[in-house]
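First chain written, first letter: the chains are A, B, C and D, and each begins at residue 1.
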């Protein structure tokens, strides 16, 4: 069984660190300490961290922090960052106003 | 580590996690097997967050009412996570006579079960929610309904169950179930054999194939539902919203973003590339739907869309309880897209059923043996 | 639904190159780019590129961008700007935002050439206004003509950090320090040297302790780190700055591919999440290709070749080209790409410490740790010779894939040979005519024309000078050494700005002859 | 205090659009039509674009290419506008964003 799948795996106690209050997810203002604590609460995958804390769920959709979060979670779990599957990618790739998303262009109009 | 437990739960979604939590609270030794890599990866993380009673079938309504009365109000404290539960009512909106008829019919059935739900006109709708457009002429209003955050709720149940010693294993796909001496006993996965006194199958649509390995067929089909979420907006309203035509539903979250679910009409025919994928048609369609009701949201930016499979029951309500043909086997599936709101109640009652054989809420009408031919 | 032979996402160097190749084979090609201007990062690259002729060496990045655009236009490529791709859905369907609408459009083939985004590091205060990405600095100064700040600290000694530091100085900012937690400079030595000689101090094995300021950055503290990247107490240094620039690497922007369902992998050697693909950009989904940084971080020169490969592969996939022809073409491009992937900085050498050049000469350790070659190290390199009369002195000491200097000299004074990464040699029996072409054509600004003894006790040194104001002949000032420190008084005797030099001015200064081998920069101040 | 680059050794004179006037928190400032709002503000020495929702911390330009969304402001009444990729227009109303509003926190 891979190390992340066994949710009872002993990763030790959460130990507070001096830089726990550092903001990691700039959009949602999630700190390093919150991420580290979430790992000890059992959030072993980046997807779970995201759903639990909202990291990468803000305006930029994780474009700035995903690598940083990955590094922190990997260190906490004592695995290589490459072992952690990144969160899924979903449309829209950039924020888009509802009225524009709703406004589908007809076949016959050309590009400007 | 031992692969034996009192109870094996197949499915680490909100139902599996909640049941595991309530079982562990009573001291049971539980193992939860999740087929995907993530806890709460199915409908649990992909729904619109409704915690409502109105609009429900009378067979499952008692569970919804029980949960809202007894479990939701204190769930955040209990799970030590912000479930973002809001009990600010549900407006089910209509725009014409036909809608009024659907809504009145639903409301009458619910009232018969003792639920406070009433019909209101457009003006009253806009007194409750001033952002709704003039197109809305009628609604059913259930003040005790609400919404919550399905992500934190699911993971909150997981966190607490894990803390109580429940063993969770993700990425563990079940191949088949096995009876030993006339009773359920083994859950065989790709790599391991797990053994338990009792087994609960709560694996969403996958429940059908898993139960199929032991000769149980739950009549359900798969349907893809889609959701979208906006950027955070200034606070507008707290009600949960739905429509008579079910063309969209949603609410504004504590974070400020709006979460809306909806459909394009082609959900039964969607493709899949291994995970549920959004269709390019649906999000624009949901946006158009929303803007008709909420013209003010036209400039709100969509930041993300997602899709999820719903396990549609043949008769619209879940399959819940023991599977008597196979002693020790239980099922909780076919939630048909409205399982989240009743998940704490389902978890608590199932735990009680598995430990004592009785429940506080009558769930007999949701029993597996209800499916009969029409004539 | 509207359908094209090929839709390319990203009009940067790889996307445009792909479009050109595909369109030349008769394909109907549409390129979307979310930016207002095409060319990707090329238009922010104002330095001359490395490589050989086929890689467009010694041409400035933004000029290459212009050339690619013209070529694409000629080939009939349709480039649509301000076009934000919302998603890559099933069946190779792209949903793109165009102005106030969205459009659904399918490609028989799709090439994703979305490039990369910048990595970040965290330290207390990294969220303060004034802490910016190196890309942001480039965008502000080179596209919008606005200085990113006045006093700037650069974190990161890779090529991006080095090049952007130089660009910051070019637009009139002061770079107070260049800092990197690594013990050795990550980018080309020549890029470091041209920054160091202007007086920028390098702090390797240092990183940022904190950014200071309430409303925005007003200062920064750095400190030395040990081999485990832990701060060493008592080594803190403070700088008053208004801007901190982060140049700590890039990550492929591969989200569209993941959304489409392409098989992905986390490959640290390629910079992060990349699609699993073959060397010509074919992903796990037939008809979806990738090119450029999105498939692995390299640089613009290799991105252009990868783009051409993917464009050709797409043409073959849709029957616009025979497989045999494709194979021949790909072989040529393979060779060109291979040329760029040689030398000390080749992808295969990433993370390795190289102590000797291919020629067996010990690498300058001072260059790696301080950004400049020490005076007692320079003599051992083959470009550095002492002769009578004016002659080129080539301070190019690492094996990098670059050879314009050898072609620049009409007299054959400089030789690199067949191997593009070899160190340039100052040819003993060739006569320099002081044309200056070598100085201007060296993308690393590492060539000087030196007359060590003018007969009157002075020497003249001609150096590349890309700053304003441009000193005039007669201007008195000081000569700086390779380390950016004053070595002696100096006077400008000539300034040449020929069209052929392409904006690299040649400044000749006179210094006492004992400084002929150490004076390498001019500053017009006492 | 950042300023505009007058002459650049490589790029020479940087091409700009027409000079326009815009409102920054009610104050008249000038910039060039079509340049990103963020560039015009930077040239005028504006560093803080917004204050964050939870911690009320200042933020400004970070990536300058529309990815990080840190530079968002309230533009013509709409919050969350990415100023680094939104072209400046004559008469635009640009306001500091507090959380998701143009009202300072104490007034919200």
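Convention: a residue touches a chain if its C-beta (ideal position, glycine included) is under 8 Å from a C-beta of that chain, and two chains touch if they have at least 3 such contacts.
Please read these numbers as outputs of a predicted model, since none were measured by experiment.
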Comparison of B-C and A-B (more C-beta pairs in contact): A-B
Chain whose Cα centroid lies nearest the overall Cα centroid: A
Between subunit B and subunit A, distance of the C-alpha-averaged centres to the nearest whole Å: 24
Distance between the centres, which are taken as Cα means, of subunit C and subunit B, whole angstrom: 53
CA centroid of subunit C to CA centroid of subunit D, Å: 29
Subunit C, residues touching no fewer than two other chains: 34, 87, 89, 95, 102, 104, 117, 127
Touching two or more other chains - residue numbers and ranges from subunit D: 53, 57, 59, 62-63, 66-68, 70, 80
Numbers and ranges of subunit B residues touching at least 2 other chains: 231-232, 275, 278, 284, 299, 301
Category of the chain touch graph - line, ring, star, complete, other: complete
Residue numbers on subunit B that touch subunit C, as the complex places them: 271, 273-275, 277-280, 284
Complex interface listing, subunit C residues touching subunit D: 34-36, 46, 60, 62, 117-118, 127-133, 135-137, 139-142, 144-150, 170-172, 214-216, 242, 466-468, 470, 503, 505
Subunit A residues touching subunit B - in the complex, by the definition given at the top: 1-2, 4-8, 41-45, 47-48, 51-52, 54, 57-59, 61, 85, 88, 90-92, 95-99, 101-104
In the complex with subunit A, residue positions of subunit D that touch it: 52-55, 57, 59, 62-63, 66-70, 72, 80
Residue ranges of subunit C touching subunit A (in the complex, touch as defined): 1-2, 30, 34, 78, 80, 84-87, 89, 95, 97-104, 117, 119-120, 122-124, 126-127, 251, 253-256, 258-259, 266-268, 272-273
